[in-house]
Structures are given as C-alpha cells and as structure tokens.
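Look at the two complexes coming up: subunit A is in both, with subunit B in one and subunit C in the other.
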Partner chain A sequence: MKGRPLIGTFAVLGYIIMIVPILFVVAIAFTDSQTLSFPLRGFTLRWFGEAASYTPFTSALLSSLGLAVLSTALALAIGIPVTLAIQRGKIPGKSLVEGLFLSPLVVPELVVGLALYQQVMVGLNQTALVALVIGHTVILLPYAVRVTGASLALADPFVEEAARGLGASPFKTFLTVTLPLLRPGIFSAALLSFITSFNNVPMSLLLQSRNFHTLPITMLDYIQQSYDPMIAAMSTLLLAGTVVIAIVAERTVGFAKIFGGINK
Partner chain B sequence: MSAMSRKPLFLLLPGLIFILAGFAIPSGIMLFAPPGVSTGGIFARLGEMLTDPFDQAIILRTLGIGLVVMAICLVLGFPIAYLLARSTSRYAGVWLALAIFPLLLSNVVRTFGWIVILGSKGALGQLIVFLGFTDEAPQLLYTELAIVLGLTQLFLPLAIISCYSAVAQVDAGLDDAARGLGASKTRTLWTVVIPLSAPGIVVSATLVFAGSATAYTTPYLLGGSSNRMLSTQLFSYSAVTVDWASASATALIMTVLVFLVSGVSSLTTRRKGMVS
Partner chain C sequence: MTIAAEFIGVSQSFGDFLAVDNLDLKIEEGKLTTLLGPSGCGKTTTLRMLAGYGTPTKGRITIGGKDATRLPPEKRNLGMVFQSYALFPHMTVAENVAYGLKIRKVSEPERSRRVMESLDLVGLAHLAKRRPKALSGGQQQRVALARAIAIRPALLLLDEPLSNLDARLRVQMRSEIRRIQAETSLSVVLVTHDQDEALEMSDTMVLMREGTIMQQGAPEQVFPAPANRFVAEFLGYENFIDDPRRGLLTVRPEHLRVAASETEPAVASAGLRLPATITSSAYRGVDLVITTAVLNAAGEEIPLVSTVRRDSLAADFMGHNRGDKVTVYTRDVDLVALPG
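Now for the complex of A and B:
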C-alpha cells in the first residue's frame, strides 16, 4: 500500500461506502429522540423493546424464517439430484441443461415475480405462500446446483466406482460415499440459500397478500411510512443475527469459501 | 438405452419440471402473452414507451445509473480486490471477510443506512450546516446521487469478490518478473495484472450492472417519486394500476437492457482474450 496513494485512497473510500452506513444504523438505534436526527441525543434501549414487541415485525420474522427454511429444503431436494445428473450422469446437452438451471440468475427477479403473481396467484388463484415458495425456490436453485456441483466436481468419481466395484449397491454408494463428499457443498448451498431467501425483496414484494408478509417487505413499508429509530433497532437486531450466521459459517466451512465462492 | 443412461434422466426430471413450470413458462407468458393482452398489444405499448419522453427518461435513468454504478464499483472494487489478493498481511483475511459480510446483510437495512446519513436531519446534512457551508441542510435524499450511493454500497462486495478471484488467478510471480525487468508498480498493474484478470473484471461489471439496473429497494427508498427507474415502474404497473401490457413492455425493456450489456461485455472479453 505504500507508494500507492491512489489505489489506497480508492480502497479506503470503498470500505467507507460499504461499512459506514451500517454503523450509522447501529448508532441511531440507541438515540433518545423520536426522529432520525443528528446530533444524537442521550442513550436508550427502548427502541429495541418496541421493535421486539411490534407484532407486524415479530409475525413477519416468523413468516420469513418459515419461508426461508421451506424454500431452502425444496431447492436442495430438487437441486441435489440435478447436480448428480449433471456431474456424474451421461446426459445429452449437459451445458444446455446446466444453463437452464442457472438461468434464473440472469432474468431480473422482478420479472419472474411478476410472472408468478400474474399466473399463479391471479391465474390459478393460489395463495401468496404457494407462489412465494415456488418463486424463492426458483431463485435458490442456481445456488443449490452450482455450489453443490462445485464440491462434487472436485471429488474423484473413482472413489464411487471403487465402492461399486467392491460390491456396494448404488443406493449404499450414494449414502456412504457420494453424500459425505457432497456435505460441505450442501452446507454452503443451504446457508447461502437461507440468507438469500430471508433477505429477498423483489420476489416477496410482488407475491404478498394481506395475511402473509415477509420481514424485509414489512420493514420496507414501515420505513416508507415513518422514520423513527425503532426501525434502526430492528435493523441492528438483524445485523446481530447476521453476524452470528457469519461466525457459524466461518467456524464450519469457512466464510470466504461459502460466500466468496458464488462467482467462481 | 442401458440402465446407466436412464438414471440421470430420472434424477433430472423433477428439477426440469419445476424450472419449466415455475420459471421458464410463466416468464415467457408474462413477457409475450399475458392474460387478456395480445402480443401485438405489448409491442404497441413498447413502441409508445420508447418514443414517449416520460418513459424515455426512465429508461435512460436506469441505463445511466446502472453504468455509473458499474464504473464506480470497478474503480473502488478492483483496488480493494488487488490489495487483498496480493497482500501478505495476516489481517488480509479479516479485510476480505469485512468486504464480503455486507452481502449477507439485508438490502433494506443497508439502504436504510443512507436515509440516516442523507435525510433532512441526517448526519451528512447536519455536518454541512455545522461546518457553516449552508444555513439549511441541502436536499441529499431522494436524488439520483442517493440512488448511486445506495447501489454502490449494495454491489461493491460483489465486484470485489469477482475481481478478487480474477486477480488471485494471476500468478504473483508474473508481477515480480515485470518488476525485475524494470517496470514500475503502476506499469506492472496496467500491463500485466489488469489484462490477465480482464475476464473476471468484465464478469464483475456485468453482475453489478444487472443488479443495479433491476434493483428495487434502492430507488424505492432513496429515489423518491421523482427519480423513477424501470423497477419501480414495473411494480406500480403490476400492483397499483394492474396494467399488464405496460408491465410486460417494461419487463421486456429491463430484460433486454440486462442482456444487451452482458452481451457487449462478453464480446469485449473475447477480444481481450485473443490479444493476451
């Protein structure tokens, strides 16, 4: 960094833009003022109490957690067999098939969300929850296929052939050889999927109903109506939860490996 | 067909059905033949939008903001990625984690931070007043600048990650060789590291553009009603006015914009790849 003033300056500016707004959110969560105003006044924990007892937030949190678990499970249940077929099977047009499963990454989410709203909720008269589970699973499938695929591609297929050669059934080979090989990939994909679903806005925005709201959408609506420090307290709680997830990720597979491997 | 070749098909089938029924077919219908609207009707609406000054401004704002954010993310993100990839410091891992961490945090929370900073009683406005530049805090929120700042914050981690893996793939021995042959640090960067990591830089640029041109949270919270983008228009056509023809036409423009910029980017990599 020495003798590189320009590169250093840009790097510092980059970190400031990424991190400083988050610090301001935390700071204003403790202010003893009714509005988001500076300079900060006093110190209070009451906004945390209000956020935790505000029912729209608590019920939306449960909805978001449930939706994230359900979509992650479904994306893995559908995605892992696809990964196996792509990585280990002899299928015609392999790259085309893989491209199809990765394509939700390139089509704008709002477009897919609108399509599902129009045809699943309005057209087929299904509930928001049904449409949301479909929509979120569609967004998560590319992660499930790509991330588990990356860990399987690293593993030597000969190990599985050896198990078969030694007399193990295909099912036993899968359970005792392939699945353990896949485990880090499945864990990474699950964590990545859960976070992606939990934080999603565009899909959840279009697929909402009067009685089903996710947390990001509820917070978005709240911010649009009033700027009070309660939303900062809720944000700080979410930040704390996210830090816990990051630490768990770091202790298990490695933080940078899971979340940095997205584009590799 | 042998049993071996039939098995993959059976593994693939649930996924294929799901991706076709839950994604490809609904998206296709929505873009080209939504209920009650003819394909001709969509293209007629598309033609109107492309010639109407109000819609033109929204398309150009979306394209412009997408390109500006893309440029800023590269200018700020590449140096971070380069420094991290070439760093021998034991804290490099911590800095990398700090750059990736914001990706896990909700967009709503991250965007809300800018309201705290840019709002009428916000930190920046009050600082400007305190320093005596103006008597009243300038309008910072609900501007295109606010959208650009918000989107840069959201997509910088993505730019850093893809530039980082691109730079990490370039053998550091090549830097040393260039330096040993007398090239300055700056010259080594421009003639060795950047050309060799160009494909990764282009991927990063494409991801940032696609993300910024289709983001909803940021223009909704930071742009206000006077700085509409395609995403906020798309939402109001579908949820507020329920105008399927306009929604489809907007979705088409948005999708084409993303594909166009990705296409142009991948063409430049191909040419660069031939040179190096």
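Now for the complex of A and C:
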C-alpha cells in the first residue's frame, strides 16, 4: 500500500462498504427492541434464543444442511473424475470439456431452475428435493472441477511417471501420489461448495415446495411478514458459521490456492 | 563388452513428426553413455522409450537381453531422474527415497538401511526428514538421484539432470555423478544438449540429429575427428574452408592462429596458410576473439574465427584492428578433413 495512496484508499473504502452493513446486522441482533432499528436499545441475547427455537428456522436449517451435503458430495463425485481427465488424461478437446463444466457460472440460475422445475418436478413428477439436489449440484460443478484441479495443476506433471518408474502400478500411483496431491483441493472444493449451496437463493426460490424450504428462503419469507431482530440474530449465526468454515479453508489450503493459485 | 540395453531399428513418430528414425544403439554395461544433441534431435524421446514412457512405433528395445519394447515402466526396474526432479511433495526426503523400496516390499530394517545408504551416497543423510520444498535445487536433484539409485536399477537414466542448476553447481555435479557412477558401477544413460558436459562425463557419447545418430564413440575419439559438419559445429568447430585439393576442412578457433604480417610464419605445406583481413576483434579477458575474412577457391569471402590466448594479463590489445592485413594459419595436426 505504501507509495500507492489511491489504491490503498480504495481498498479501505471497499472494506468499509462490504463490512459496515454486516456489522449493523450483527449489532441489531443484540438490541432489546421489537423492531430492526437503530440506534440500539439495551443488550439482550433473547433473539438468539428465539431464532434457535423457531421451528420453521430449525427445520429449514436441517433441510439446507442436508441439501448442501448431498449436492456437495454429488458435485465432487462428478467433478473429481472430470478434473483428473482434464489434468492428467489424454483426451481431445480438454478445454471444451472444462468450459462445459464451468458454464454454470455464467448461465443464469433462474433459467436452470425453471428448466428443472418444468422437466423434473412437473415433467417427471419428482419432489422439490430431487430438483434442488440436481440444481445445486449443477451450480457447484464449476467449483468441484476448478478448485479440485488447482492443487494438481501446481504439482510437477512428472511425479506420476516417477512413481511408475519406481515400480508402482497405475492404480498404486493414483493412490499414493495423485490422490494425496488432490486432497487439499478436494477439501477446499468441498468447503466452498457447501457454503455456495447453503447460501443459494435463486435456485432454491424457484424449486421450493410446501414441505421443503431452505434456510435462506425461510428467512426471506419471514422478513416479508415480520420485522424484528430475530432475523438479525439468525443472520449473525449464519455469518459465524460461514466465517468458521472460511477460516478452516484458509488454514488448510489458503485462499490464494482456492481461487486459482494467484500467489504461487 | 556386455550390453545393458539395446535399440534395434527403433522409430517413434508423433503424428507427422518422426522424432526417432530407425535407431540402432547399444548401451554398454557399467558405462556412462550420453545422448547429445540440440533440442528436437530425439534424445529425450529415446530415453523415454527406454524408460517405458513411450512405445516405439517400429523396432525393438531390449533391457538385459530381454525384450522390453512394450513393458510398462513399473516392470523395467530402471532409475529415472527427471529434469524437474519430480519429487513427491507430500513426502519427506527419506519417504521419497523409500518409495520404490516400499513398492518392492523390502522389509523395514533393510529399507531404512538402503535409504540411508543412498542418501549417504549423495551426501544428504542429514536432510532425511525435510520436505522437498525446503531444499535447494541442487539438493532436490541429489534426492532424485538417491531415489533412483535406492531401487538398485538395471540402468540409471538422467534426463538433462544438470540443466536447472546454476553454472558453478552444474560443473561440480558432473564429477559428482561420475563418482556415484563409479561407486555403484551402474550403467548410466544421460541426456544433454551441453557438449562440455558430454565430453567430461561420457564413456561413450552419442550425437543425434533429427532422430538419427550422427556419430558415436569415446569423447577422445569423437572430439578430434568429427564425422561430419553437423558434429563439428556442435562440438565447437567454427571454421569451415573448402580446399580444392583436400575437400572440406575444419579447424577450431583456438587452433587458428593470426600472424601480424603476411610473410611470417613458415608453415609446413600440409597445414593451412591464408592471407586474411580482420573484420572485428573482441576482448574476452584471457582471450581475444578475432574474426577475419579470407577468399576461398571460388573467390568468395568467408569469415573465420580465431580465439587468441593473450600471453599474459599485461599483454597489449594492439595489432588487431579492423581492416588489418594478416595471415591466418594452423598446423596440419589441427586441421580436420570432413567427408563430403
């Protein structure tokens, strides 16, 4: 930042713009008042208690967790072999394959959601859960493919040949060399996918049903009807969970590696 | 002479590109053989086929007298050192070296003994517990060597092993690899594009160009008698003179002398003695590099290069100016006649 005052100022401004509104939400979660208002009045933890015992939230939390775990597992199950094929395989049109799996990043989620609604829920008469698992898996695929591959892409491309030369069969090479190199990538891809699914709104909004709501959608519904600090308390809890996951990801792999290995 | 490995009429092509063209080559047991040539000459492709990382499109490869043409790398028992070293980043130095022994199910006390023995050989026993990332390039390279040697390979294969080291370390590692080769009596095949490296290290050097062998033999046989212009140029012969009587002659810059006047010196008729004009001269510390122009038999002007050793550090830079008329000459023994 030294010697670049303009960039430094913008960076600080950026942080302020991003963080300050969040701090307000966190602060309001502790207010002893009936509405989401500022300035704060008193200090209470009761909104946390109410949020934790509000059944629509708790059941939606379980739904969201289940959905996130399921779609993360599926995305990795598809993404890891694809990554291996792209990074190590001798297949033609690698960039085409990679492009295909990264495309959910640019295709509007509402379009995918609508298609799934028509084809899976109406057409095949499946439940919202099935459609949501498919939808979230599609959204998570770019992370599963890209983030998983990052650690492998940075590794020496000849390590597998070296293992073969030392006597390891292709399978043994995969177990003892490729997989350990892939592990940090898989771990961070899993964390990132989990957070992405857990926080998703557009897809979940389109594919919700009467008996299956994700937490963000339930919170959205709630905020349209009531305007009390319980929603701030719930948001604060979510924020805390996300921060914990982010810290774990940073400690084990590092964000630079997760987001394309910029610093290596 | 015992043969450790042999190529019999081996070709390999990638699409339209013929990387190795009908190669016949014997690798002698217990000797160091270098494959030498410019990039794209097929030397690395040849080494990779020997290691099993590429299958010949034609011909056969034998290792220890047995056909190995289609044998996968893990069945060949060869120790390969990659240009990038290819160490396993998630294992310690000792685990890297132990890898091939574990695969071979060498039991524990014996395994540790051989790991330490290999690390001792390369002088890195004290770094056994480090990760490769914590080592310098030279140390990583020694680990790669130790890892390849630990499995007691039938041959040790080195792909440009010194090219990623700095200049001083590179020269030091030449004698280091020779020492290791002597202590283990391994058959070694080394790929390089550096003729000094090949000259210093080889028992046999194999010069390649466009997938075929241009010349092979001991350095002391090949160096004074290049078989053709390509080999001569690659080994640093810079002057080529068409002599109507003797054909194409070549002489190294170090052996082409420059005399200040046109009268001296008297040279035996078998040597070379030509009037020349200096076109440039460059100061290079101990040497002067003097470029001259002579007229060939066809009356064309051709450039010749001499490196002239200065007698002492105090010697003058005088007498070598652009445009000076001089005589370039060389002794008969320093003149090499090239066929064709």
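Criterion: the second predicted complex is superposed on the first by the 242 of 264 C-alpha atoms of A that agree within 3 Å, B and C clash if a C-alpha of one lies under 4 Å from a C-alpha of the other, contacts with A are read in each partner's own complex, and residues count from 1 in each chain.
The rule we apply is simple: a residue touches a chain if its C-beta (ideal position, glycine included) is under 8 Å from a C-beta of that chain, and two chains touch if they have at least 3 such contacts.
Here the structure is a predicted model, which is why all the values come from computation and not from measurement.
The superposed arrangement places subunit B and subunit C next to each other on subunit A without a clash. After overlaying the two complexes on the shared chain, residue contacts for A:167 are found with subunit C alone; subunit B is out of touch.
Once the two complexes are overlaid on the shared chain, A:209 sits clear of subunit B and of subunit C alike. By the touch criterion defined above, A:226 lies against neither subunit B nor subunit C after alignment on the C-alpha atoms of chain A. Computed from Cα centres after superposition, the angle at subunit A between subunit B and subunit C reads 90 degrees (steps of 10). Legend: residue contacts after superposition of the two complexes on their common chain; A:180 is shown touching subunit C, with no touch to subunit B. Applying the stated contact rule after C-alpha superposition, one finds that A:34 touches neither subunit B nor subunit C. Comparing subunit C and subunit B on the residues of subunit A they touch gives the larger count to B. In the overlay built on the shared chain, the residue A:158 is in contact with subunit C alone; subunit B does not reach it. Taking every C-alpha of subunit B against every C-alpha of subunit C after the fit on chain A, the minimum distance is 12 Å. For the contact definition in use here, the subunit B contact set and the subunit C contact set of subunit A share no residue.
The touching residues of subunit B, when paired with subunit A in their complex, are 4-5, 7-9, 11-12, 14-16, 18-19, 22-24, 26-27, 29-31, 34-35, 75-77, 79-80, 82-83, 93, 96-110, 112-117, 119, 121-123, 126-127, 149, 152-153, 156-158, 160-162, 164-165, 185, 203-204, 207, 210, 214, 216-217, 220-221, 231, 234-235, 238-239, 244, 247, 251, 254-255, 258-259, 262. Residues of subunit A touching subunit C in their complex: 155-156, 158-159, 161-169, 172, 176-177, 180-181. Interface residues of subunit A facing subunit B in the complex, by the touch rule stated above, are 1, 3-4, 6-8, 10-11, 13-15, 17-25, 28, 35-39, 78-79, 81-82, 84-86, 88-91, 97, 100-101, 103-104, 106-112, 114-120, 122-123, 134-135, 137-138, 141, 170, 195, 198-199, 201-202, 205-206, 216, 219-220, 223-224, 227, 231-232, 235, 238-239, 242-243, 245-246, 250, 255-256, 259-260, 262-264. On subunit C, the positions that touch subunit A within their shared complex are 51-53, 72-74, 76-80, 82, 84-90, 99-100, 103-104, 147-148, 151.
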